[in-house]
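When the chains are written out, they are named A, B, C and D in that same order, and each has its own residue count from 1.
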Amino acid sequence: MDPGWLVLYVFVFPGLLFLLAYALFMEYVDRKLGARIQNRVGPPFFQPFADLVKLLAKEDITPEDVDPPAMRAIPILAFAAVATAFLYVPVIGSSPLAFPGDLIVVLYLLTLPSILLFLIGWISRSVFSTLGGVRVATQLFIYEVPFFLALLGPALAAGTWTISGIVEWQRANFWVVVFQPIGFIVALIGLQAKLERTPFDIPEAETELVAGPWTELTGRKLALMRLAVDMALVTGAALIAALFLGGPSIPWVLEPGWLATLAGFGSFLVKTLAILFVLAVVRMAMGRVRIDQLNDFGWKYLASAAIVQVLIVLFLNGALIA
Amino acid sequence: MPEVVVPIGPYHPALKEPVNFKVIADGEIIVRLELDLAYNHRGIEKAAEARDFVRVVPLLERVCGICSHSHTTAFCKGIEEAMGVTVPPRGQLIRVIVAELERMHSHLLWLGVAGHEIGFNTLFMWTWRDREVVQDMLEELTGNRVNYGMNAVGGVRRDIEPPLVARCLKRLSPLEERIRKYADMVRHEPTTLARFQGVGRLTKEQALAFGTVGPTARASSVDYDIRRDDPYIGYADIPFDVVTDGQGDVFGRTLVRIGELLQSVRIVRYALENLPPGPVRVNTPRGAPKAEVLSRYEAPRGELAHFIRTNNTDKVERLDIRTPTLANWTSVAVSLVGSNLADIPVVVAAIDPCLSCTSRITIVDPGRRQTSVMSWDELRAHGIDFYRRKEGV
Amino acid sequence: MKLSERIVAWARLKSPWIILFNSGACNACDIEVIAAITPRFDVERFGILAKSSPRHGDILVVTGPVTRKQVKRLRMIYDQMPEPKYVIAMGACGATGGVFRGLYHVVDGVDQVIPVDMFVAGCPPRPDEIIDGVVKCLELMKADMKNGGKAWRVKAPAPAAEPKPAAVPGTEVTA
Amino acid sequence: MTNASPLAAEDVMKAMEGLGSVDRARTNRLRVIVSPERVREAILRAQGSLGCDHVIQIGIVDNGRVFELHYHLTGPHRTVVTIKTELPRDDARIASSHDLLPPAGIYERQIHDLFGIVFEGHPNLQRLILTEDWPEDEYPLRKDWTMRPDRRYGGSTPEGT
């Protein structure tokens, strides 16, 4: 690929700039949907942007006894990890940066914000942050395994570890969700838990721990961390759309090429927003579970369901080859 | 992980009111609990001794903004008893209407807050939306949304006109329908069930021993309701049922409150339809003869007691207020030990604490205040010993 | 103002996050503030969010006459908030102590403890009035940004606070 | 347990025999006046033979001469049994009843803080209600208490908060 195009791809579209804009838009859609379900009007469309700018301009307090460079670095790391992960997820056709095994890298990069959130809770020297951080780590061990297993299904079926490859395979065959519905549901639940949204917002449970690991964050750090989570929402939704719903591919051939790309982009938007819709409705229709209840649920049902799904995929693969 | 002290409050988002628990948690399990509650102490009892009856009523209204009518009614009926004055039936029924509307707004408020405590914000928003209907009725009846200013010694200060009665009656039916919907929602929503059932359980014996009152006691099948057991302001003639439940946990308390909401709708409807004609207020003497009255009242949170001593002047010699929240605190502190950190808000909220009532005077520490850290076995032993001592009485 | 300053000023006005602190009120103001969040009034329309950590807040809403026990805590919450921060004192109690003025365990008004930018009258103020108060506070914020800080509002030094009356509590005429 | 027949004055008189006089303060409230030393005995008897299982309130009155303590108890019969006793102002102490009535621990602590009555045997009679820096020897709800201008009553700090 032409290096000029690559720079454009990484920084403008569908890289950083688009990601930022889409993340803010997603947050708006999420909040607005929630408000409508709750019988309210909800925020205006520029609200996430206003919040971001305001937080960036606010005083930045570093609590006593906290290592300032570490505190400063963590939100930036989280932001960078998610922004990088997004580059490998196909938005308009395949990603030019795709390489064998990029699915593993994306999953790893998406785990980073949670670990960093735990770290920032741990170093904040506040009881609420520490407990929140410990809860983040506990929750991480509960949802990561089923989430990874669920995302393993499409890769096994397609026989490739590149996300773009899985998308291609789906274009040739059919959407993964058709024969892996369990995996799809587990992946959605895992994403909800990863993003710490109700009913899995245990780490930042407002009524118990003020704001969990977020308690001591101010100004820029808070802004970046919020943005990282919004971007993780986009990346996670895009990832699930790519792995289960055929990503930006469209089932029929369009001419000319730019029209196909445009249609692919449209299908990307529709699919991610549909996933967001499901996540938002779940968020609004439920209360928060306790961490021990999540532990029960995660290991008893979620992990078993994911394993069953993987076994089914393996069996089907074997049957097809035989 | 070592034991952590989690300070909950006095500024804490779960409880918009100031209270402080030092929760000593081992990981997620509560090991010990230290309560410190009097952040709202303002000294109202002292002030009540220095002001005359007319000025005490607005003061008592501001003991607590949620149960403002409860405090004034308890006080007024105590003073009326000391003076030997009878309030005309119309005035009494208007008091009942306001009291039951207040119970409705308080219970709806509680239901929303309980939803908020478990992160179920949609329930919170929906109940508070319907609470606005009650608030509208209260505003039309009394002229104010929160501190009604309705009571005076000798009766009520505003009469209800027939068009207003019709308007209120029209609002009741949709409200009742909504309440039934919430009852259904709470019974079937899985996360609510998971968070409410089996949490903060009190047996009937414990509920009696710790002196709980109101919905907290009634959820542990203690059949105790001042409205029926010691009828006041016309409750003797009004048909209603005392709602009890045998589960004793937060879920039981929720069901009791929802049941009481429906009963309140019934009472308000009955009272509106059967308003007798006549005056709403009688003139009272300026002072009260020497007397001693224990005025009990079933506030939304339970039995409220005003102990009033008068001494031939227009001021009380002593006004001693025992609020329902104060009576319920001991049970909370006991039932929280050993439970999960995440359960604190919901268990505390389950008694519907009204801290500005409570801290107007006092408080509490049921456990011994050791500074040493107890091991889990020691704690168990302590718990067993504690219950044995309490229940042996 | 430079363009960046303009954008920041706009963002601040569009996204005020509030912190609610009860410094000894009777709950009436608190439930009215919470009622303002709920569907009938829905302040999220204006970008107002109720936040839980004082580190995230822009506007501190204080209800109630400050009781002696809460003075230290109120001060601490205020100190924890990042600049620029504003304080709204709610209701008659927040302004003067209301019916509790002169009682032995209150210090009569929020401005005895922390600087207050806006008072909202009422006992309790209706949610509409609370929203109006926040909006007026935003106008003040705008004026502050135009004039470069809160200093322009100080015209003359405030008279020294009167010493607390030593009379028997409750005998004074309430304001 | 509900709707048991109300207590008759005779029952209370019989139960409280030898402790003090019984009078009827109101239709459903009976009052027995006992000396401070025998309060615990009276509570035990009320719990035993009168079946009182609920303490409503420990009311306290400072009438200028003495402190009056009123233990309001009730039970399934829904009649309020008030046990009244008087304590001298200069040496106000009485045995604690926290072990007989679990909720009483709370009420006694509040009374101690505001009136300075000492409940002997209470496990934890500490300050809870007033602010931490309130002067130790001042009890605001006593009739003869006034705020002294030369003293600092906590809350505001010298640096002008």
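In this text, contacts are C-beta pairs under 8 Å (C-beta built on N, C-alpha and C of every residue); 3 or more make two chains touch, one makes a residue touch a chain.
If you're wondering where the values come from, they're calculated on a predicted model, not measured in any experiment.
With centres computed as the average of Cα coordinates, no chain lies farther from chain D than A.
Inter-chain spacing, taken between the CA centroids of chain A and chain D, is 61 Å. Inter-chain centre distance (chain B to chain D, centres taken as mean C-alpha positions): 22 Å. Chain C has its Cα centroid 28 Å from the Cα centroid of chain B. Here the spacing of chain A and chain B, counted between their Cα centres, is 44 Å. Residue positions 38-39, 52, 67, 69, 104-105, 168-169 of chain C each touch two or more of the other chains.
Residues of chain A in contact with at least two other chains: 38-40, 128, 206, 210. Shown for chain B are the residues that touch two or more other chains, namely 13, 38, 41, 43, 46, 125-126, 129. Interfaces, counted as pairs of touching chains, are A-B, A-C, B-C, B-D, C-D. Only residues 66-69, 71-72, 75, 104-105, 107, 112-114, 163-164, 166-169 of chain C touch chain D when the two sit together in their complex. Considering their complex, residues 1-2, 25-26, 28-29, 47, 53-57, 59-63, 70, 72, 78, 80, 82, 99-103, 105-107, 109-110, 113-114, 123-124, 126, 128-130, 140-141 of chain D touch chain B.
Against chain C, in their complex, chain B makes its touches with residues 10-11, 13, 16-18, 38-44, 46-51, 58-59, 62-66, 68, 109, 112, 124-126, 128-129, 131-132, 135, 145-147, 354-356. Those residues of chain A lying in contact with chain C across their complex are 31, 35, 38-44, 46-47, 49-54, 57-61, 128, 206, 210-211, 214-219, 222. Those residues of chain C that touch chain B in the shared complex are 20-32, 34-35, 38-40, 52, 54, 64-65, 67, 69-70, 73, 77, 98-100, 103-106, 123-124, 126, 168-171.
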